[in-house]
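Several structures are given next for inspection.
One chain, chain A, links the two complexes that follow: it is found with chain B in the first and with chain C in the second.
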Partner chain A sequence: MFSDIFAFTYEIPYLLTLLLIIPLVGAIATLAMGGKRQKNAKYVAGVFSFVTMVLSVILMFTPDLSVYSESYTWIETAGVKMSYILSVDGLSILMVFLTGVLVFLSTVFSARESDKPHYFFALILAMEVGLMGVYMAGDYFLFYIMWEVTLIPMYFLISWFGGPRRHYAAIKFFIYTHVASVVMLIGIFAIVFGAATGGIADFSFEAVLAGSAAFGSTFQVLVFGLLFFGFAVKMPIVPFHTWLPDAHTEAPTAGSVLLAGVMLKMGSYGIIRVCLEVLPEGAQYWQPIMVFIGILAMIYGAYACIAQKDLKKMVAFSSISHMGMVMIAMACLSDIGIQFAIFQMFAHGLISAVLFMVAGATGHSVGTREIPLLGGLAGKLPLLAAFMMFGFLASLGLPGLVGFWAEFGIIFGFYDYAVSVDMLWLVIFCLLSLLLTAGYYLWAMQRTMFGRLTTKIDLSHIHDLSRPEVIALGAVCALIALFGLWPDLALSYLEGYSSSLALTLGVI
Partner chain B sequence: MMFDSSIVTTIFAEFSPLAPMIVMIIGALVMPAVFFATKRKSAVAAVMIAVIAISMLFNVLMMVDGYQADYAGLFAYDAFAGVMILLFQIVAFFTALVSVSSSETTRMHYGAFNALLLAATTGMMFVATASDLITIFLGIELASITSYVLVAMKRSDPRAAEAAVKYVIFGGLSTALTLYGLSMLYGVAGTTNIEDIAIALSTQDFSWAFGIAMITMIAGFGFKIAAVPFHAWAPDVYEGAATPVTMFLGTGSKKVGFVALFKIFLVIFVAASSTAAFATEELQYIFAIIAAITMTVGNVVAISQNNIKRMLAYSSIAQAGYILIVMAVMSEYALASGMFHMFTHVFMKGGAFLIVGALITVGIGEKISDYQGLAKRAPFIAFAMTLFLFSLAGIPPLAGFTSKLFLFSSAIYDGGVMTQWVWLAFVAVLNSAISLYYYTRVVKAMYIEKGANAERIKIPKTFTAAIVTCVVFVIILGLFPQLIMDFCADAAAVLFG
Partner chain C sequence: MFVEYTWLVPLVPLLCFVIVGFFGKKMPHGGGPLVIFGALFAFVLSLLISYDFFTSDAYHNPGYVTSQIEWFSVGSFQMNVGYYIDSLACMMMLFASFISTLIFVYSIGYMHDEGAKRRRYFAQVSLFLTGMLGLAVSSNFLEMFVFWEIMGLCSYLLIGFWGFNHPKGDDASDSASSAAKKAFLVTRLGDVCLMGGMFVLLFEFGSLDYVTVFDTSMMAAVDPNMIMLGSLLIFGGVIGKSAQFPLLDWLPDAMAGPTTVSALIHAATMVKAGVYLVARCFPLFTQNPEVMLFVGVIGGITAFFAATMALNNMNIKKVLAYSTLSQLGYMFLALGAGGYMMALGMQSGDAALMAAGAIGYTAGCLHMVNHAFFKALLFLGSGSVIHATGTEDMREMGGLHSKMKITSITMLIGSLSIAGFPLFSGFWSKEIVLETAMHAGDYGVEGYLFTIMWILAIVTAFMTAFYMFRMWFMTFKGKSGHGAEHCHGESPKSMTIPLIILSVFAAALGCILLFGFDDYITIGIHAGHFQVGSGHGHGLAGWLEDIFLSMYTYLTIALVLIAIAVAYVMYNKASVNPGKFNKNGSSWLYKALTNRWWFPQLYDQIGWKLGNGVAKGVEFVDTQMIDGTVNALSSAVVGSGESLGKMQTGNVRDYAAIVMIGVVLLFVAILALFYFMGGL
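This part shows the complex of A and B:
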């Protein structure tokens, strides 16, 4: 834990609210930087996202997170009660940290954005409000609002700043995830009103958790299905994944980084926070299906990667594959499974940021991301090649980097599960996925950066990474190495949470 | 004298329950005279606004004080009446405010227009206070007949004449059906007072006469609220009428049908639910099926519309489907939620129609393709339109989200027990997701597609004022629904006794 190194004990008043307010104010301030002040937009956005990041880092150094919980009654009428509750625990702290860091770094990375930069950075900051809100919310009403708030900035980010098929991708993203959200909303109604006591339906996590003891088995199984569907489309799961490659291919780099790095995690976060915590019996019933879906995503995603021509689309499919690993880890319903599911969310957040940054930078530098058109670029673009190599190796699980520990832990946990259900052969799928992953990454690397220099494209204008891009990439890579060498730094936040959740899941 | 409802009781004495309506009637009578005396639209508008404001003030004073009184067994002012009257007053206020500067009303006789508008609103308010079948029917007729004329008044457009004819024919049919149903009900119960009917019926068994009464009333009111399959008139009428009138019909007139449905059906069924053999469940199913079909047809057909007024008309049909959930669920919470949704609907749908009207006034057409590049030409208008449409689609944290949240959740649980209407909530949320598609088309046209013309637009001030008000309410009611929901909860408690 960071707080073991240095404990930050000064209590900043309303810290969690500040984590919402600062990006919000920043978004408005950035939006005001139109017209002649356009070139200042990035500095304004940079300052606000930097302050947010600092606050999220301070949170990491806080020994006792519970001091920052905030709770106020918001709406109390006609038998329903919604509250403004923010809190951070072992599950959400890493996600909050990840959001703070990645939003700042993607702002830095996009510093050269010159087309309507005030809109661009305002949208990124607006998205940060939603993301922070989802991870800190302690009330289903607030949670759902924040969940939907992330959609609109992302929609505009894709359709204003995206690639050639951006309109199609943006609307597809919007409709897919919105349909999933409304199904999830029905699930939320079910658990909130099902847990209602004394005629008051209290939307807070705490009240629902307290009332969840009364849920019957059939109820749990049905409602788990609704909520699971809502969350899993966001992760995404095969066959509801098709919005993701499109959205990624068309989105600007910063959008992709946030989409893969933090937004997909909303799905798995929701499954752990809502489905597993509130509906343990439903989780038992759905366990085999979760395993199946996870394996499907893992193998299908990796297999699809091999066939991709667009570098960014390949990275998008690799996200599907890696989120499949999160799914099987969660599906173990064990201490170690949950712990490493969260750790993989964190690890993949960092690694996918690097991957999307290098994929985006390839598009900028070379002018195309089509793998068959590239080749032998390492000599011309040494920095890009180095970062790409680092990202790919981290993603395929090179020991010493953060991805290794995540995959190691997941397979370790999954092995236990496979033994307990007497189906050891399931582990083969994990190994197959690792093999495929190593294969497509190395093959892609081979085709783009090494070998003979390409003659299919005009190379006179290519340029290596710009300074802001190097800074952003360097910072994420440093974090990947830090948590790779010292995984306990992050894992220690999760121990208490995962063991108590495993206890709930095991009791039934 | 204290500044509370005693002002009203001092002035109006035993007529106090009718105070807001009396003010409106006086206004309707003097309006042509004001026009002839001054010959100036602005003077008429000022008087008009003053009349509505006074009426609204009286109503709010009575509502906040929890004033309750009965007049001759025909009218009763209670929390329910107060809330619905306030809704009708708000709609009338917006209509009066923007019709001054709308280009679509310039060739109308302005004195008569306002007089009719006040008369129509009075009719709606009568329905809200009525406690007798006769007064309900009279209120509906007063509101309908004046509305026919309001539609026909746009003489510059042949579509208006077509719309008015359709409206009269469908309206007449609806009236006939309603009246037939009401007379059957009288025949069964032997009285026209709603409370007495409820008492009389609670001791009776189900009879075929009663069944026919219910079915014809559903059909009659179904026309009013434009529920499928009685909806065919709505898109034509909404398209043909002057846009301020369209707004008045879409957000105000439509709710009259709901008020009448609530008054007659809910009161009877709540009283009757204690006795068995009363076909309550069958009727609930009928309403649930109508609700599901109405919202689905409305949303699906809206997707293919290119005229924005028609699109909003179909979206109104879908919204009526959502509100019909109240009639299927028949719980106090559902009613409160439904009333709250009617309120948020006034601001979001009303706001969208206001923008359409404002843009027609400055020469922009009614096609969605005419809205291309609007974000550059009128940033605030485009932003406001986006808010209204997203609110209609139920995107948080806007008012439409919160009201749909209440409404749909009422279909899932009732007093800690899961209802049998969960499937209806499903249909509703999926519809809500479908609706996002056609609303986004407009947003996309405004923000993403490039228009042929890049000239800045300046819309009339009265429109801006009305639109800003709607924006404020769409945001505030989304974040603090209790401002209105508390009143709706009180109102629902009245009908559920």
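This part shows the complex of A and C:
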């Protein structure tokens, strides 16, 4: 834990609320930087997102996170009670940190954005409000609102700042995730009203968790299905994944970074936070299906990567493959599985940020991301090649970088599960996906950066990474190396949470 | 105690990597001197540690010194990081750092013309050395695996060193980048097996620490089938890393990198890691004779096939690459045969058989060290030739002896050593390798397989002597070729001095066997646990008796001499035309050898089908079936027949309306469901 190195004991009042308010104020302030001042919009956004990041880092250094919990009654009528509850625990702390860091760094990375930058940065900050809200909410009503808040800025980011097929991609993204979140809403209503005691449906996590003991088996199984579907489309799971590659391909780089780095994790976060915590029996029932879906996503995603021609689309499919790992890890319903599912969410958040930054930068620098048109660029773009190499290696699970530990823990947890159900051969799929991952990354590397210098495109205007891009990429890479050399720094936050959840699930 | 500073051994080269990587541009020779310092530091420290260890009580009991701290934990399993020093670790550290130092010194001269690229080169070789040294001193499998993969990464980067902007043009760039990818992927295939093996061990033993896993009582408590599974998976990693059959195809392609990198990969690092791992896991592997049988058979087959491929190759580096494969095969044959006897001896409680098995271990390890020296020498020598002539094709060389005396003579020493010419280094280790293999054939039900392997190994010894001298004669004797005319004399001192130092070791190192040093590279069971080293060797008289009183020794010597003579008449005197035997290249055997028994084509086909073929299918499903359904559905819902792709932003409201209707319907459905279930 960070707090073992240095414990930050000064208690900042309303820290969690500040994590919501500052980006919100920042979004409004950035929006006001229109007209002639728009070239300064990035500085305003940078300052606000920087402050938010600092606060999230302070949170990491806080020894006891429970001191920051906030709880106020918001709406209370005869039948329902909704509260404004914010809290951070072992599950959410890394996600909050990730959000804080990635929003700031994607702001830095996009410093050259010149087309209506005030809208652009305001949307990013608005998204941060929603993301922070989702990860900190302690009340289902607040959780749902924040969930929806993330969608709208993302929709406009794609639709206004995206590539040629941006409208198609934006609508597809919106419909998919919106339908999923509606299904999720129904599930939420079901658990909240199902857990209601004394005629009052209390939307707070705590009250629902307390009332969940009374849920019958059939109820758990059915509602688990609804909630699981709602969350899993966001992760995404394989037959419902096609919004993701399109959204990524068309989204601006910063949007992709946040989409892959933080937004996809909302899905897996929801599954752990809601499905597993509240519906343990449902989880037992759905376990084989989760395992199947996870393996399918891993292998299918990896194979799809091999076939992709667009560098960014390949990276998007690799996200599907890696989120499949999160799925099988959660499906183990064990201490190790949950711990490393969260760790993989964190690791993938950092790594996919690098991947989308380099893919986006290839587009800016060279003018195209089509792999068959590229080749031999390492000599011309040494910095980009170095970062791409680093990102690819991190993603394929090079030991010493953060992704490896996540994969190692997940496969070991899964091995444990496979032994318990007497199907050890299932592990082969995990190992196969590792091999395929190495395959598509190295093949892409060979075709883009190595080999003969391409003659298919005009190379007279290509330029290497700009300074802000190097700073943003360098910072994420440093984090990947830091948590890779010292995985305990992140893992120790998760231990308490994962073991207590595993106890609830009845599997240790 | 210097042993406590073992962590500095990999750390200093690592720091050199970081410093050169970031600041190498402004350093002289691209940071080369700093990297040499790092390697030299590691060597000196290794010497001190080894001295310290061998003179300590721990050397005799329990035979190792270990210390570790917790790194992180996976559930209730603790992962540690630390060092584990025993004879094997000392040996690995010493030869890896010493040979790397010499290779780095040589690189200053060899890479002199590379300009700014040298920074990248020196940073990466330093990381490579870090990987090897870290691997040697690791205290558990996980830590070992980290360094194992770092080496995989470095080999990828260095083989692909000329993967772009190749001085010889685009085709060379393409093949270098393709070779790098192949090397990484093939070794990765082994690595995922190794990872699987680690999961088996972690699950069964609850720990990955060597001290726990190799504990005899722990191993006895674990299901032998799971130990077998774990051992075979670990050996899968070894097959990939050490390029054994059937994953041997990447190593010849890896010649696309600079020659110094080949020397590093073949002599000091990378492929030696596999041998090290088998030696390290000897206690585990010997739990099942079948595992060791498998190791030995794989080794024997590789030794034979790789040697055949070298027979007619015209590329000087490729000949050496095949010879590495072949010699690695010898090492695995020795370890496998020795382990097989050890395992049988343990099962039947036969102490003599176990002692015979320990000789196999000694043979494998000694051959690894010997090979490190003569192979480094041969590669650096070939690098010197390539540097001078600008070609790798031996037909364009010839007659270089008069122009490059030092290179020629040192390479002759290397060739004699690898061929197993009597009293040279390679002779001693090769003889005991062969002897162990033959000996193992007498025991157990499947022992006859070792007899077959022994026959293959004898034939391999003949072929080795032949192709090595074919290479030497073609390069240094006979008529001057096209490339040889470009040669303007001997290479610079920074290149020749390492050659001379290496040749001394290549000539004489094997003799340490006779002076009791083999005590340090043997293994046995003492007081119920395996112990590497600790003075229970064979003794001077024992070795002399073993080697010189056996008629098989004279058989091999005779074969070697005949092979050299054949090479002499074919390629030096040219009184016999080699074309006679291969119908001028049209015989099927010749074609098979040139095409490496068609392994590359086979693998390319399989890899392409299983990779790209399936991927194309997935892509079809994805774009046509899944996404096609989505788009068709959206057209149907909108009703206008327009596909979703043509929709404009204005229609979001339509969608929102549809979504809202959906919400209401679903909500009603859920309420109805609750009603029927009696909820609410």
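By definition in this document, the second predicted complex is superposed on the first by the 505 of 508 C-alpha atoms of A that agree within 3 Å, B and C clash if a C-alpha of one lies under 4 Å from a C-alpha of the other, contacts with A are read in each partner's own complex, and residues count from 1 in each chain.
The working rule: a contact is a pair of C-beta atoms (placed from the backbone, for glycine too) under 8 Å apart; a residue touches a chain by one contact, two chains touch by 3 or more.
None of the values given here were measured: they were computed from a predicted structure.
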{"item": "Partner chain in contact with A:L18 - chain B first, chain C second, else both or neither", "value": "neither"}
{"item": "Partner chain(s) touched by A:G199 [first = chain B, second = chain C, both, neither]", "value": "first"}
{"item": "Contacts of A:V221 with chain B and chain C, given as first, second, both or neither", "value": "neither"}
{"item": "Contacts of A:A78 with chain B and chain C, given as first, second, both or neither", "value": "first"}
{"item": "Chain B versus chain C as contact partner of A:I152, first or second or both or neither", "value": "first"}
{"item": "First (chain B), second (chain C), both or neither touched by A:H178", "value": "both"}
{"item": "Partner chain(s) touched by A:I186 [first = chain B, second = chain C, both, neither]", "value": "both"}
{"item": "When both partners are placed on the shared chain, which of chain B and chain C touches more of chain A", "value": "C"}
{"item": "Touched partner set for A:H167, first chain B, second chain C, both or neither", "value": "both"}
{"item": "Chain C-contacting residues of chain A that also contact chain B", "value": "159, 167, 171, 174-175, 178-179, 182-183, 185-186, 189-190, 193-194, 219"}
{"item": "Touching residues (chain side chain A, partner chain B) in the complex", "value": "75-80, 141, 144-145, 148-149, 151-152, 156, 159-160, 167, 171, 174-175, 178-179, 182-183, 185-186, 189-190, 192-194, 196-197, 199, 201, 219"}
{"item": "Chain C-touching residues of chain A, taken from the complex the two chains share", "value": "159, 165, 167-168, 170-172, 174-175, 178-179, 182-183, 185-186, 189-190, 193-194, 216, 218-219, 222, 226, 239, 241-242, 300, 303-308, 334-336, 339-340, 376-379, 393, 398-400, 404-405, 408-409, 411-413, 415-416, 419, 427, 431-432, 434-436, 438-439, 442-443, 445-446, 449-453, 486-488, 491-492, 495"}
{"item": "Contact set on chain B toward chain A in their complex", "value": "333, 336-337, 390, 394-397, 401, 405-406, 408-409, 412-413, 415-416, 418, 422, 425-426, 429-430, 432-433, 436-437, 440, 444, 447-448, 480-482, 485-486, 488-489, 492"}
{"item": "Sites on chain C touched by chain A in the complex", "value": "71-75, 142, 145-146, 148-150, 153, 156, 160, 163-165, 170-171, 173-174, 176-178, 180-181, 184-185, 188-189, 192-193, 195-196, 199-200, 202-203, 611-612, 614-619, 622, 626-627, 630, 634, 644-645, 647-649, 651-652, 655, 659, 662-663, 666-667, 670, 673-674, 677, 679-680"}
